[in-house]
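As written, the chains take the letters A, B and C, and residue 1 is the first residue of each chain.
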């Protein structure tokens, strides 16, 4: 590494002052590359997007400032409200399910006393969907539920079950997409929880065992509190991810049947790139932003995890 | 008695594994079936005569190789630059003192929640203005400054004992020296972890690549799959073959680097405040 | 050193002159993919060989966001020089296109020698708005009746006499259904917009109109609209001719479907599937044997102010070449070329496509039986409103009457905006 006792051992006051001054602009220097990229490609576009949402945007004929009219029109648009509702439904399905399944798998593997090879295989298998791209997820699950040649339909026919039309059924489309999303996201959260479980000191479990504490109590009293940071991390990540869902919906149902699976991000996409209503799309984006922010902060507060963020 | 119990235990886990992997397995099985076999009712599970026909068509009809390379280039470029840029920034937030440091950090942290959807059209104009539209660089740049990178690295840097740095400073080390000699050597795990995270993120990035990359030869893998699906949704053999091929690279890497990847993820998230 | 400098200057000068000669760069951006894209690429390659002084960059395949991107490109002053415009998108795009007869550098049609009489009058006029010509017709394409000859035989029907009247059609469907196959699929792969097209065919055949000429309100929520929608819904439900969610393309290719309404672009797939197929005009079910169709046309997006004349002319030359060589276009993609001369090319007339299906579609076009989609600035929104509720009616979520009422309400709302 570095050698001791090299150079001056007791810097003079002057050196100290210039040292401090150097650090001032040094701090900015180091952050400059990141700040440039962040400012140009994240901060400024969002600002401009918010700006756009206040206009009836038409550069050829002249944009008109309309203030909050786009937002009013949004909430007056049944299709937007439908997209909003669908997004909430989707988030409500995906977030708890993902966290629960991931935690269950983590606990299962953590307390596994059987074959090691099997548990390694299980970990790998449970994790691997996370590595697939959203397009593959969509193709996989859409093919799985294909009404003519999919395996689920065949299963239903073989056992003479009256199965719904799955992705063609307004009631089933969104839940199926949600399920596919859970299947996709669980892997990463599972590893996070496994790591958190690994950090819990073993003695706590040994003491609990000696004391004859049932597993439920162990879970609530020992495990949950100690894995709180990981829960927070996963919750925030999954919330943000679920609100922004776009790819799977586009490729599995395109928002249909009807608009049964049209989520906010998809509504935005159609408005911007199909109907060319840029102002309206920007307003929808701002709503999406606001929602994500508010609900994440709410989630953090509810779980009493504010301290973990510092 | 014990062996029966363990057999049942193992059995349950095996069933769960099979169920979980089944959707992907179904895609793989379909990819090797002939067109006639895919379209027969009742359907068959295993291909009676496995064929590479769809794979041949995949590579001859679509620039699949290009897509693979494009994705590889994009993900690598994003990972390298992001690591560099986020490390510098995280170091500044964690170890250097300057006015407004904590406020700025909170702002950047808050931007983690910004969905890209708000910025799509402005980003479009920006990339055209900088002549980055329809280039992989244009697709890469908005992904690089991920706030979570700065957050994760800063957390880790904060946990590196201050004594090491003090010692180096007394030695006359500049900030850059501290970074090079103290922080970086001790941060390899978290750098690897973040590297894995952002590589996967960039590899799977869909929305911005869909908008920014106009030329079908320049798109990345996720968008390419969308093009195949959108073109003629009927060609199930081809679509499944494409999905299968698209999964192979990442799965291969995972098989080889499994332990490192998992350790990295565990590390980057198990960080407490 | 000085000699090197002179040499360098001469080299630069030569390069500059050579650059001038090479300076016309055209970007031709289309939304075509697969067979269509290949056909267009072949035509453009011929053009490149014939006109080496014009560099053509061909970008194809991004049909999903095509019109939005075209507009954004114009706004960003980075548009392609030649693009595609569906004839029903003209009103939406008109602000972003160059009027060909009144461009900043003159009358491009005259300068490039494009003769309107080479195109059918209706198709040519469809590219006009406010007295200006914006589009050059490339093709007309549409839906026809594809049927499985083997299934016809199995059902006891004459494979060389596909149904052309309502009674024949019902009889055929019932016979095929009895033989154990899917009788009929009216809408390709049953995507919402295809279901809407099927409904439009039935409705137009009854003599209905979607909107009043001034586009002030929806006019389809009436007896005819209801009858048409009920017919469509029953195909998938009460009549049992097909199932909800069924994919007509897939069923036909698998040899499970007796009759299918699909576009001419289905031809390559049908050929490859090995099915013994036949092609017929859309039967006259309800009065007038209309079918659904559209027309691809070439357009010159609005160029930045200082675009030189050569660039415009280069684009127009390319456009003219494409229409003249559109027999390639028809042979590969099945879209019937608009240029009458191209339709006379023997290579086309001798091709399998023309003999097996193309000439029938051309017939329908010549007789004026192809109905184009509505032409309105908010056309895509209106169509989306209609197809949403049609799809819900087909899957049985709402009744046909409710669907039409809701569609009408939403369309009127869209029409009343701004």
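We adopt the following convention: a residue touches a chain if its C-beta (ideal position, glycine included) is under 8 Å from a C-beta of that chain, and two chains touch if they have at least 3 such contacts.
No experiment lies behind these values; they were computed from the predicted model shown.
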For this session: Looking across all chain pairs, point out the one with the most C-beta pairs in contact.
Result: A-B
Seminar exercise, completed: Relative to chain A, largest Cα-centroid distance belongs to chain C
Exercise. Using the average of all C-alpha atoms in each chain as its centre, how far is it in Å between chain A and chain B?
Worked result: 14
Seminar exercise, completed: Whole-Å distance, C-alpha centre of chain B to that of chain C, is 38
Seminar exercise, completed: Multi-chain contacts in chain C, i.e. residues touching at least two other chains, fall at 64-65, 69, 75, 247, 250, 254
Seminar exercise, completed: The positions of chain B in contact with two or more other chains are 39, 41, 121, 211, 236
Exercise. Which positions in chain A touch two or more other chains at once?
Worked result: 148-149, 272-273
Seminar exercise, completed: Per the touch rule, the chain B residues reaching chain A in their complex are 6, 9-10, 13-14, 16-17, 20-21, 23-24, 26-27, 30, 38-39, 41-43, 45, 84-86, 88-89, 91-93, 96-99, 101, 104, 108-123, 126, 141-142, 144-145, 147, 150, 167-168, 170-173, 175, 177, 181-182, 185, 200, 203-204, 206-207, 211, 221-223, 225-226, 229, 236, 239-240, 242-243, 246-247, 250-251, 254-255, 258, 262, 265-267, 269-273
Exercise. Okay, in this complex, where on chain C does chain A touch?
Worked result: 64-65, 67-69, 71, 74-75, 92, 95-96, 191-192, 243-247, 250-251, 254, 302, 378, 380-381, 384, 388-389, 391-392, 395, 397, 410, 418
Problem set entry | Parts of chain B lying in touch with chain C, wherever the complex brings them together | 39-41, 61, 121, 124-125, 128-129, 133, 210-211, 214-216, 227, 230-234, 236
Seminar exercise, completed: Per the touch rule above, chain A residues touching chain B in the complex are 1-4, 6-9, 22-31, 33-35, 37-38, 40-46, 48-50, 52, 108, 112-115, 118-119, 121-136, 138-141, 143-144, 146, 148-149, 151, 154, 157-158, 183, 188, 191-192, 194-196, 198-199, 229-230, 233-234, 240, 243-244, 246-247, 250-251, 264-265, 268-269, 272-273, 278, 281-282, 284-286, 288-289, 292-293, 296, 307-310
Problem set entry | Of chain C, residues touching chain B in the complex | 29, 33-34, 59-65, 69, 72-73, 75-76, 78, 189, 247, 249-250, 253-256, 269
